[in-house]
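Look for chain A in each of the two complexes below; its partner is chain B in the first and chain C in the second.
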Partner chain A sequence: MEIFLQACVNGLLIGGFYSLMGMGQNIIFGVMKIINFCHGEMLMIGMYLTFVFNTFFGIDPYLSIPLVALCMFGLGALIQHTLITPSLGTKSFTNLLFLTVGLGILFQNLALVIFSPNYRTITTSYSSITVHLGPVTMALPKLISFIALIIITIALFWFLKYTSTGKKIRAVSQNPIGAEVVGINSKRIYIITYGLGCALAGVAGALLTLFYMVYPMVGSSFGFKALIVVVVGGFGSIQGAFCAGIFLGLLETLSSLIVGPTYRDLTVFVTFIVILVVRQIIILRRR
Partner chain B sequence: MLKVRNLSSGYGNVQIIWDASFEVRDGEVVAILGSNGAGKTTLVRTVTGMIHPKSGSIDFDGDELCGKPSRYILDKGIVQVPEGRQLFTEMTVYENLEMGAFSKEAKAKLQESLEFVYKWFPKLKERKSQAAGTLSGGEQQMVAVGRALIGLPKLLILDEPSLGLAPNIVDDILSVAHSMAKEQGLSVILVEQDITKALAMSDRGYVVENGRIALEGTAEELGKNEHVKKAYLGI
Partner chain C sequence: MKKLLAVSAVLLLAAGMVFAGGSQETTTESGTEPIKIGAMYALSGTNAAIGTNIMRGVDFAVEMINEQGGVNGRPVEIVRGDTQGDPKVGRSVAERLITQDGVHAILGCHQSTITQIVAQVCEQYQIPELTAISTVDNLSTFGFKYFFRMCPMNSLYVENQFMYLEDLAAQTGTPIKRIAIFADNSNIGQELIRCSRIYAEKYGMEIVAEIQYSSGATDLTSEVLALKAANPDAVLCESYINDAILFTKTLAEQGYKPPVVVAKANGFADPSYIPATEGISNGIASVVEWNPDLTKGQDINAKFKEKYGVDMNGHSAESFTAVWILKTAFEQAGTTDGPAVRDALASMDIQGSFPNGPQIILPYDRIKFGDMEVDGVQHTQNNLYASVAIAQIQDGEYKTVWPFEFSATEVQYPAQYE
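Entry: the complex of A and B
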């Protein structure tokens, strides 16, 4: 029972990361109808930024979160303004596919050149402290990251629901023509949206750095998981991505506990396929 | 207030509007009539800056709007209720209305304008926390008109408000537009396929055929015109 609870807690934590990645991906998809194939690399850059801030400037990984978010927002805004917005005009899906996949490869190799393929970790004075919550034991960094994930998720929902910019993001994603009719500057919203998506991935990276190794390819598995989250949760649905992310995290840890770690990915993908098939059948039945 | 001269426009290399000239005066309801595909919506989109004209001039209270972006034109006070309503279906009625406040002035007067819209469409007040997509077609059209009114228009353009609505609801919406023109001094362009209804509510009208203005006159004149009777009214 204790192991089960422990797995649940770990699952929720890892699920929180998938949620954050998936929600960022889905905001971008909702507004521009493009899939950001370099989303995982944004997480990787966020991790390296945290690593650099910590190793060279001595900034605590958690205190560097706002800094990482700001840098990633800037990077995202720059990419959107100089590369994606001009490509959107061509209305060609393949252009955008090549563009974001290409950016991903570029970032991976840049990281390889700058940081070498070595695995890096950062340690802080509180890295090894563990906290006992009833029967569950948790490393302090994981607990802090978990709380931070919850706060960021709530802040994101609040931002989209109540702020003027958040409403404009929803408006553009629900009806681009209607948004033009009421005078929303779509290009500005694109920049904010892509910047926000990248910032969310970067923050996920920053939160991950304390208990995960940093290396140039670290983003690919998270980027891939974010895609699963988006497909299961529904393209463009923020709430859907949140639930799907948590579900995926729980599924991963519980399946390694119950079926064994060797079959973890198998279980995840089989479940994924089953969900897609069942959903398709339900949709077809309804018609 | 609006004087359009020799306007030509279209999509890419396809020219749709040829040399169109028309005029809207203060407090006037002007109908732009024509059958499906005549170019009415393209004309509206050109005037509101969603399509850039190839040539011609659009003078609005002394400002040249030709080639200006849609946000500039909106800021000058030309607000449209687009064809097919184009609401934000998953947002509430209130949020939809709120999105209509584009200019600083409109934002400052939001509460006042909301009361004004609720006065004309009391149903929207009842449904303000409901998602716009769950409303009936007529109510959605009310939201679209309300959203435009929140933008404090000087010239309101209604693009096919009758599309897909029951006749009595069309009458309601058209009469609101008519009373607003007469009571508030708002100018209205009414783009319609339903010529009988449109002429009943307007002062003057233009008939668009194949992207050109084929006829113009007062509502009464057009209603009596032999060509209009034959081609559009079936008498």
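Entry: the complex of A and C
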């Protein structure tokens, strides 16, 4: 039972990261109908930013979150304005595919050149403290990250639902032509959306840095998981991505507990294939 | 950079051809003509860093030999062959070294797949090949007559881990019977599990848990909890660097302190492992081929460090030793004729130190190539006495703790992790 609870908590935590990544990905997809293949690299850049802020400027990893978010938003906005918006005009899916994949490779190799392939970690005065919540043992940074994940997710939902910019983003994603007609500057929304997606990935990276390690390829596994989350949760659906992310995290930890660590990936992927097939059947029946 | 490498490779090739052209006219044995050894390692590409360390050991040994007057008055010359870490390139480089450069023996390679291809070429041209680095078991099962292996093979690494556990139990008086294995589901992880099943039986231990995970995992808590639930006396690990760091961090988070953790090098021996796990990895042990604090080879390492600015690593120490083996073989054969040198290697028996040379700096005292049987499979021309050492992280650096006779540091038992 203790182990079960422990696995649940860890599943929720890691699922929270998948959610955050998936939601960022889905906001971008919803608005521009493109898949951001360098999403994992955005997480990696977020992690390196946190690492640099901490190592060279002595800023606490959690206090650097707003700074990381700001930098990532700026980077995302810059990429959107200079690279993606012009490519959107070509209406070519492969064009955008190569653009984002290429950016991902570029960022990975830049990180290799700047930071070398070494694995790095950040340690703070509180990183070795563990917290006992009943039967569950958790490192303090994980607990803080967990709470931060909840706050950010709620803030994101609130932003999309109640702020004027959030409403515009939803409007463009639901009906781009209609949104343009009522006077929404869709190019501006594109910039905000891509910046927001990147900032979410960067923040996920910042939250991850204290109990994971930073290396140039770190984005690939999280980026891949974000894609699964998007596919299962439904393209463009923020709530879907949120649920799918949590579900994926729980499934990973619980399957290695119940079925056995050897069959973890097998269980995860078989489950997703089943979900996709069942969903397809349901959709077909409804028609 | 690549272009520069390509250009220099072409120049090297051209230089080699000119040289080969010159030597072909005088094939008869002369007093001062150099003995050529082809060294085949990845000097470019992703494995170039590894190749650099290996070549340092080779160059260092050659310099030492030539200072002493070479082999019966003939200097030793190394002809570099860049495998680029690519099996396709390996074959053509081997052929070029043998037919164009006229090398008398080949030293190499690093990756076992390339070593195997080169062994086939050497067999064809009757040129002896000695590997100091390739550990994959099956290399010595093909019955090659010209291929020799100095380093221990993979299964021996695992056997040494078990021998360490046995010796440790005897030293501390605490029995080590229940073993858990923590390995990823890649080929190399599976090898640890396969070999462990063989040796657990042989050393009277029981495997209580085999924890497998996929490399690049985002979370290893469930795996560590499964390990904790099994409560083994010792844990054997095989992990890549990222998983090794995450594993160590998760151990710390869950407050689980297995009394013994012995890793099969890999990620745990990576230079970034200790800095990344500072303060939580003390007590974790790993297999090492060589370590600067080994009680042997201190003087040689001091000179090496003076020259290159870094300590020898396992690969430099191994390749250093391999050059001395070839030197001794040429000396004993009295000729550079392939079959004669091969016979000299086959009958060589070095105990303690090389004739007119340094002592064996690796963690064993004898080098003799012979046949052995492992788990019903016949292996030929492996170094029968090869062994690895085991080092434990103490105060943030690896200190050799086993074999007991070559180490100056006591084992920390049980491991403290802080």
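The definition used in the following text is that the second predicted complex is superposed on the first by the 287 of 287 C-alpha atoms of A that agree within 3 Å, B and C clash if a C-alpha of one lies under 4 Å from a C-alpha of the other, contacts with A are read in each partner's own complex, and residues count from 1 in each chain.
One rule holds in what follows: contacts are C-beta pairs under 8 Å (C-beta built on N, C-alpha and C of every residue); 3 or more make two chains touch, one makes a residue touch a chain.
Note that the structure is predicted; figures quoted are calculated from it, not measured.
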Per-residue touch tally on chain A - higher for chain B or for chain C: C
Return first, second, both or neither, reflecting whether A:L257 touches chain B, chain C, both chains, or no partner chain. second
Which holds for A:Q174: it touches chain B only (first), chain C only (second), both, or neither? first
Does chain B (first) or chain C (second) touch A:N185, or do both, or does neither? first
Have a look at where A:T50 lands relative to chain B and chain C in the superposition and call it first, second, both or neither. neither
Would you mind listing the overlap between the chain B footprint and the chain C footprint on chain A? none
The chain B residues in contact with chain A across the complex are 48, 50, 70-71, 74-75, 80, 82, 85-91, 95, 98-100, 102, 147, 151
Residues of chain C touching chain A in their complex? 185, 210-214, 216-219, 221-223, 225-226, 229, 241-242, 245-246, 249, 252-255, 270-273, 275-280
Of all residues in chain A, those that touch chain C in their complex: 3, 6-7, 10, 13-14, 17, 118-121, 123, 128, 130, 137-139, 142, 211-213, 215, 218, 220-222, 225, 252-254, 256-257, 261-262, 264-265
Hey, which residues of chain A end up touching chain B in the complex? 167-168, 170-171, 174-175, 177-185
